[in-house]
Amino acid sequence: MASVMILETKGLSKSFGGLQANTDIDFKLQEGLITALIGPNGAGKTTFVGMLCGRIPATSGQVFFNGENISALPAHQRIRLGIAYTFQITSIFPGLSVAGNVELSLRRAQKLKTKDIGAAVQKVLAQVNLSDRADQVAKDLSYGHQRILEIAMGLAQDPKLFILDEPTQGLSESEVEEFIALIKSLAGDTTILLIEHNMDVVMKSADHIAVLNFGELLAEGTPAEIRENKSVQSAYLGTSEDA
Amino acid sequence: MEFGPHLILASLEGAVIAAVLAMTAMGLSIVFGIMRVVNVAHGEFFMLGAVIAWWVAHLLGGHPAVGFIAALVFAPLLVAIIAATADRLVLQRIDYDPDRTIVGTIGLLYIIQQVTLMTFGPEARPVEAPFNQRLAIPWFEFGENGFEIYWPWGLSITSYKLFIIVAAIAILTALWVLMTKTKIGLIMRATQQDSEMARAFGVPVKRVYAWVFGLGAGLAAMGAVLVVPVQQAHYLMGHDPLLLSFIVVIIGGLGSLPGTVIAAVLIGMSDGIISVFFSPTLAKILATLLVAMVLVFRPQGLMGKLRS
Amino acid sequence: MTDIQRSNWLHIGVVIALACSFFILPEYHSGNLARILVLAVYAMGYNLLFGYTGLLSLGHALFFAAGMYGLGLAMQFFDFNPIAAVIAGLILALVVSICVGFLALRTTGVAFMIVTLMFAQAGYLTILYFGEYTRGDEGFVIQQADRMVGMIDLTSPMGRFFTALLLFAICFFIIAYIVRSGFGLALVAIRENEERATMLGYDVMRLKLQAVVISGVMSGSAGAAYALLFGYAGATFATVQYSIFPLLWVLLGGAGVTIGPLIGTIFMFYLIDYSSAITPAYMLIAGLALVLLTLFAPQGLAGELRRRFLPWLP
């Protein structure tokens, strides 16, 4: 299989004051696959993806997207290249309706005529089973539905690369199953980078796994390879697979 | 006229302004530092201090010193109580939401100012200083007889103005002791660090906030009582102290207490010196723009450290 | 009827009702209404920034004064005709708002409020400093003879009222259009969650600057119209108090509602009008209104109306 790299980092590092959050990360993301980024709490996963999409400025190193060096671009310009990002701590527009949230995402990402927007919003909401809540104010949604709304906003961007930071946290079991089915249906057209603690989700959905530990890239490989990897087991799986 | 003696006089006048400003700005700074509240009504608490000082002195009569000392005790106390009540009635209820707090304190500003206008009236009223000797400013020259000290005609400062400087230093020192060496100070600092944590350790955060708000207003009032014998009480006198205090607190670094004192001395002195030599309006324009630029390009203040 | 049609009818209806009111109301009140309409334009400009974008400025008097003095000085010293002078006022407001926006938007929250306050204060002091030309606090009168546009006499009650209404209607429809556009929705997104807006690809800085400029120019147009229609320009209009007024009107009427500014301006105008007949301390009413509003109705009159009865209000 000719593997095309949609995203690449070279020597990406971040330090907060004296604290080294990410050290010299060389990372490649293969187009069209679902890659899971795992690692213990505090391993620097959120910082890492924050640097990918420009939310957190890197201390040093470069980010390439489709071969183009995007290290100097501000966040909104990186997003416009086709990156979507969902926050670990739910981040939506609380005072707007569910449809309004999705509309904002659609309007920026896709050039639609005003009369087509309504239908496009409905289509996205149907994808995540939120159609019947379209007119509800977002802040009145349950926590789980807010998480799903955030995923819907990412979908509406129709991204080339979709970065999800712990999307299943707070979802019910059936919602998690729906989520797995959803991202699997996206894969192929969309590259997915998934930060996930739920190993069940990772093993069921990921084509490829990268492990981050103490701000460094510890290992990479297929789920089977990662499962066999001794250093990963000691750093991560051994302690939290059952938890 | 010679330059030297004028500079001395300007510096002394500047030091008086700086002393009062340091107290007023300190009140604003404490409230911002501990409660994260921008109190737009702060200038009106200053004005209230001056007006109440006039009432107290007026009611007591007798020797000016009696009225003044009574005012120095009662005015800040009364203003503190009014402020703490306002905190309870308004700010606590809106949970110190930043936007609503600004709007609420703008409302308080007008209420205090206009009620003063209705009761105290539009006149400016003087409070007599407890003592007021003229002290001529000495200068020297190298004349025919060598080194000579003389007193240039007309250049003098009053003993009371020197007293303002000393009193402000004493009060600010007392405040420093209160904040760093006492249990009350400890509680305040704990609340500043982390109000949630302080609450968990049994600190009555709401009451602390009311005290702090009262203390901040009381400091402004005390500054006003000190200055009212040289400035007169008037219902619109809160405007300039408010603006200058803002400037000081910003230059000094929002919420940094040592920064506030240093900035107050800097601004007060330069205000005094500049307005002796230049057009006060131009000086104010430049000062205001400078402050705006500091906020834009160095939001941590000239002396503050950047919070991580 | 769809929400969009409803809101179209609402805006058209309001303008028609205002036009009719001139022929119904006694002269005293229609005179007041002309003044209110101009001030409501100022409030609408403010509302775009505060109500929709979520940026609380304490320095809008600077924009109002820029329009006022741009027009006033152009007529006084360069003999501009009213139309050219209005354009001069708008250009000055445009330049000032670009500069202020560019600098002040580097800050957020409390710092933004203070920076705008400081800029406005510097503007006020500048007017005083050039008192030779601006006549400072005293201000100057724009001669009645100059206030003619073609055959229309702007000093007659009718000419004044309908000029004010024309400006109001233009700005009212502009705001209604913006609010419904993608641009308006993006501004609301910034108000609701700035970081999220950035991470959807919105250029937040640029949008905010656009909001400041539109808001500033609209406020400036109100300042220019005020000087032109009422024949006076003075430094009072550049004071902090005039920065706080639009905040008050918008809060009272309803921030983030298109008709909020008009409602708030009418209410506050008459509150102050009546109370100043009783006491010189009429600003007490404004103070009480601010405190009570913050405590009990942070959404304002139209905001409460929307929350309870008319969820479609734009």
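Read from first to last, the chains carry the letters A, B and C; within each, the first residue is number 1.
Definition applied: a contact is a pair of C-beta atoms (placed from the backbone, for glycine too) under 8 Å apart; a residue touches a chain by one contact, two chains touch by 3 or more.
Here the structure is a predicted model, which is why all the values come from computation and not from measurement.
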Chain contact graph, described as a line, ring, star, complete graph or other shape: line
Chain located farthest away, centre of chain C as origin (C-alpha): A
Mean-CA-position distance for chain C and chain B (Å): 34
Centroid distance [mean C-alpha coordinates] between chain B and chain A, Å: 52
Rounded Å distance between chain A and chain C, as computed from the means of their C-alpha atoms: 43
List of chain C residues in touch with chain A within their complex: 182, 185-186, 188-189, 191-193, 195-204
Complex interface listing, chain C residues touching chain B: 56, 58, 103-104, 106-107, 109-111, 113-115, 117-119, 121-122, 125-126, 128-129, 240, 244, 247, 251, 279-284, 286-295, 298
Chain C-touching residues of chain A, taken from the complex the two chains share: 53, 55, 75-77, 79-80, 85, 87, 91-96, 100, 103-105, 107-109, 153, 157
Residues of chain B defined as touching chain C within the complex: 38, 90, 93-94, 98-100, 102-104, 106-115, 117-118, 122, 239, 243, 246, 250, 279, 281-282, 284-285, 288-289, 291-293, 295-297, 299
